[in-house]
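One chain, chain A, links the two complexes that follow: it is found with chain B in the first and with chain C in the second.
Showing the complex of A and B:
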């Protein structure tokens, strides 16, 4: 009886505190990567201690570095959500970059061309709503293509990224180009439409906390709503979900729209909160978002942590570069790639180990008359 | 007993110590007195063109003038504001944004105050508090156009740019004007590919060569390798009776590139070091003036450089005279390029 209870308690703890395993995995991966990178840096002649100190202080050594890291994490979080939510629903949305760009350019167009003389606090909310809507609709295009023309979403979203990129280039050479210059860039957005800064002399705009609230909202949606459960079920096994009466296609459309909206919102926040204008080279947060989503294990809260981690890495590496240590920017990218790789490897190893343990005969749940059946359902 | 000699020479010892202290202060430069300059690039320091050249120039100027130099690569306009603010907070004396895309972020940060001076390369607009270094390769491109018109057998020229930005479009316009000053019927095809995709620029160059274009002027930085490879392949496969295909370099002197140096008669070169040195000096002496600073043929920053290995063979004496004549007319203001 006691053994049976202990087994069930352990199973329950495993389910409810699985994030501890993931966190331990992340810490182990970081430690391994750090050791690897430090050794590599020492071998090629850099001072690992100086670099790590500068990296840590530059990313989190005070209010200003921390706010910079959070500002950097904001678009990563939203594009990570765009990828993570859709992946979880079984839709391989690789188009967060295109959705990000479309959201940004919609906000720029609205504030500089269509509503340049709008009253304060009119154009900005409209731009936020329109940017998110544009991102969502851009993502839906891929779903529509799949539904009516059987074009795989993974393919159409990749291609739509290029369509968005070249569309924006055309717009920045045409109707959205700033006057008085031959450069392909938009005019400056009027200051009244900028997102308010929460900490003076920094770029910490209120879009940053808003992005984290969006992540919490999606976590709640996934864990506390029927629709959230249905999208997860549709992602696990669409055929089984269909048999269970879940409208799989409708749920996937919905989640695609929401994901695209998130990426669009990322673009809006970047343009209204940080840059206040747009050029053709507007960052690659959409692609980085995929890595963030994978590192966060497709869980909105995990994605938030992964985005913060990536933000710290990016800002820290920037500070190292700014110092005289002259570490190439590529090193930060290598670190990020290694962390993901090691996390995936550790995850696969732990999953295999768990499988081996549960398949052993003596590890099977001890049955007794009084115990309930094995816990079923999906967490 | 032992103190007596010291007492006797105490005055001399004191004088010696003071002299040593003065010498030490004179030789050791305190951190707060160091002139700090930063260069922000959007591309890679190994792009073989604009960014690599910018970094090399600022490092060289830093060594010559004993500056504390910081250079960062791969800074997108999205991150530029934060990077510039970092430098502002670290009290850098001069921050140079190496590309037109840094003009608006620089203007925003410069407006926040502080003693840091901001300059932007490659833009064509003035902004408050910002010195805009307008590198104008139109003049040297005009000279290359003259040379191209004299080299071509087909009467068809090609221009490949990384992106249609002001500095690149100026090159195209100068090239066309120069070529048409020799032969008004000459055609110049233009295409904009990418800064960092050699495969793309290579296929564009191959397409140009198939259309009969036999002189290509490229301004694509890291992607120039693709154009050079296409030209080398074309020249290797051509029969001796056919006229060869030539390619021109840009931004830095690419005449001695290892891929097809024998078919690169000239390059339009920016001497960035000269411009940076002048800028640093202006800040140090308190003469920094915001506004557009023309860096062109007149002040020797932008020049056309002929390949000395091809002078006398591919580049005949008449061609050299025509190019020199064009330079003279440009300097005298007899030719005005828009």
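Showing the complex of A and C:
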């Protein structure tokens, strides 16, 4: 009985400290993958020790590397929220990339062309608000298509990504093109509209802590508000939620708007805080966000951790690539993909172990002596 | 001869089975009775190789066998018909059977298998279109496919887990006849149920389990239904008491359907034809009828999910307006796992699924979880919901307890209007009584209750008025002046 007793304890612990288990899972996955990749690299002839030290130093060895990693994590966190919030509500928003681009281009347009005479104090906040709003509306478009034309959100968001991509290309070739260039490229945003840098000589703009605040805000929204409860219930079982009187459709619209807003904000922060101008290839943070959301288990705080992890990985791999080791950039992507795969595998494995135990008859409190018998989960 | 001796099985601290023995001869039908959680499913899973007993042995034809997996069970001739069918909806009847019979890769022996299937179907007097996709068959027909599947796979012992829970009265009769026919041909049949009358009707031997222990194992003859019930639940079954109808307390109805028509259309199927119905405070209005005669449409019209093609649904203005498409009262849906509960969510959240938006459970959109907990604890106590812990996912509870969660949520605050659809589906005797009592209690408290139920006896036991739905037409009866047989005839349209 010792083994089953241990399982009982483990299960109780799993329920009460679910996040610790998840975290342990993530750490285990990372360790496994790193071991795997490093062994692979050693076989091919790279020195694993040199790579790891380079990687660690490049990502977190000092204030400057650390801030770069955080700056890299910022858009990942926001697009991760865009995917995670909506997935949790049962809406498969794959369109964070499009929402991200639309948000960025709105901010660029407002700061460089459409608001030239505005007072400097107004332009930046206005651009931020408008960028987030544009991202939200872009996401909402998919929900509207589903509501009135029965187009699945998965499909429409993917397709809207392409629409967004070509839309910004058209804008960057047309009204938003910088003068004196033939490239699809916007003019430089006036420096007064840039997001302020919090740590001198680094790129650590205040959008980064703001993004983390947004994550905390959504964690609170999910766990403490009725709307958070409603979206979760609607995501798990729309039919039951509907019958219980939850306005499922309205909540899905809301969450889609909020998620799109996050992705739009990611675009705004990226363009106002990091690049300061926009080209047609503006980064794939939207797609990476889906991976971040999955790694973070759709929990805003988990997504924040996952984004930091991805940021460290990306920045570190850039340093390794720039160094004499000349490790190809692709390795970082391989590691990211493998970590997620292992996370999901471990998660599925644990879920099966857990299921095998819980699907058997449940323990009734030994003191209860009524008629209806202990619940038998299988019946 | 299929026998088992002293089977025991424990899960952690819980004893699911303790020293259970029984035997069945070929050519006879044995019954296994027990409430939800009594150990029936554990026993079945052991027989079918999904679980392994801690102690005890299993013998087939006098040979001790170890059933390590369902595959071994099948090879030994044990055929299982699960309560929830294991069929692929999009595949044809023949393909589904081929799935179970098939051995390794290769072509499906359509011709040979088809002959075999036809042979069994003829033997049992069933008509089956082998090319029909299973998803288009009725539940009764799907069950036949399951039975033939088990037979074609070489089953000599047929184990049926609550086979009549989903069937209409006629289908049930047919099934029982077929099982008798199978027994005549030398098959051994194990019939698991908690419908006592059926067990008494067809089983020669019966095994009654309570909390994992044998309460009775022996001949069915000489055992009355009451005695069986008493053995099963461990105390005498109290009769339901229903005071004289208090209907008409208020002449003003709370809900009316006026000449409502719905359904039909291009795809055919169920219709509602000029349905008139009124529901008053303090009454239970029962809608009897064989499933598939428009109950589904009626429910969807009431809940606002479907707009009638003509006619009107009228609600007491104090309750709300039907136009808002929100059912203003309580609803006990037919499929609790799909519509009544969110299985992966905790018991507490499921109990609060309606009240969460009310003060004091949330203030300005912020949840007050301490209040939730307080309320959930109170409901669990009041409705005697057996759960280890309020945070356990509701899907881990037994069927009866799941239904209690639904009842607790819906009925706790004496709603003015209640719609209950097959509220005792899949529940054992004790839980069924509990549900019916709760509905009666709500009636005394002044609720207007519309009860759509396919179990006629239960329906008649608590309804003040009874109407019958047949092919989309609703016909009032003179119940309680009318007899049960009259109502039964109306259900069959004769």
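Just so we're on the same page, the second predicted complex is superposed on the first by the 342 of 379 C-alpha atoms of A that agree within 3 Å, B and C clash if a C-alpha of one lies under 4 Å from a C-alpha of the other, contacts with A are read in each partner's own complex, and residues count from 1 in each chain.
Simple rule for what comes next: contacts are C-beta pairs under 8 Å (C-beta built on N, C-alpha and C of every residue); 3 or more make two chains touch, one makes a residue touch a chain.
Because the structure is a prediction, the values reported are computed rather than measured.
**Student:** Based on the superposed arrangement, let me know which partner A:173 touches: chain B (first), chain C (second), both, or neither?
**Tutor:** In the superposed model, A:173 contacts chain B only, not chain C.
**Student:** Looking at the overlay, what does A:225 touch: chain B (first), chain C (second), both, or neither?
**Tutor:** In the superposition, A:225 contacts chain C only.
**Student:** For A:319, decide between first (touching chain B), second (touching chain C), both and neither.
**Tutor:** Touch partner of A:319: chain B, not chain C.
**Student:** Quick one: is A:328 in contact with chain B, with chain C, with both, or with neither? Answer first, second, both or neither.
**Tutor:** first
**Student:** First (chain B), second (chain C), both or neither: which does A:239 touch?
**Tutor:** second
**Student:** Classify the contacts of A:39 with the two partner chains as first (chain B alone), second (chain C alone), both, or neither.
**Tutor:** Neither partner.
**Student:** Can you name the residues of chain C that touch chain A in the complex?
**Tutor:** 11-14, 16, 35-42, 45, 51, 210-211, 233-235, 303, 326-327, 331, 333, 338-345, 349, 353-354, 356-357, 362, 365-367, 384, 386-389, 391-393, 395-401, 426, 428, 430-431, 434
**Student:** Over in the complex, which chain A residues touch chain C? Could you list them?
**Tutor:** 1, 4-5, 7-8, 15, 224-227, 229, 232-233, 236-237, 239-241, 243-246, 358-366, 368, 370-379
**Student:** Using the touch definition from the top, list the residues of chain A that touch chain B in their complex.
**Tutor:** 64, 68, 71-72, 173, 180-185, 188, 201-203, 270, 274-277, 279-285, 315, 318-319, 321-324, 326, 328-329
**Student:** Residues of chain B touching chain A in their complex?
**Tutor:** 38, 42, 45, 68-83, 85-87, 89-90, 100-101, 103-105, 108, 112, 123-125, 163-166, 169
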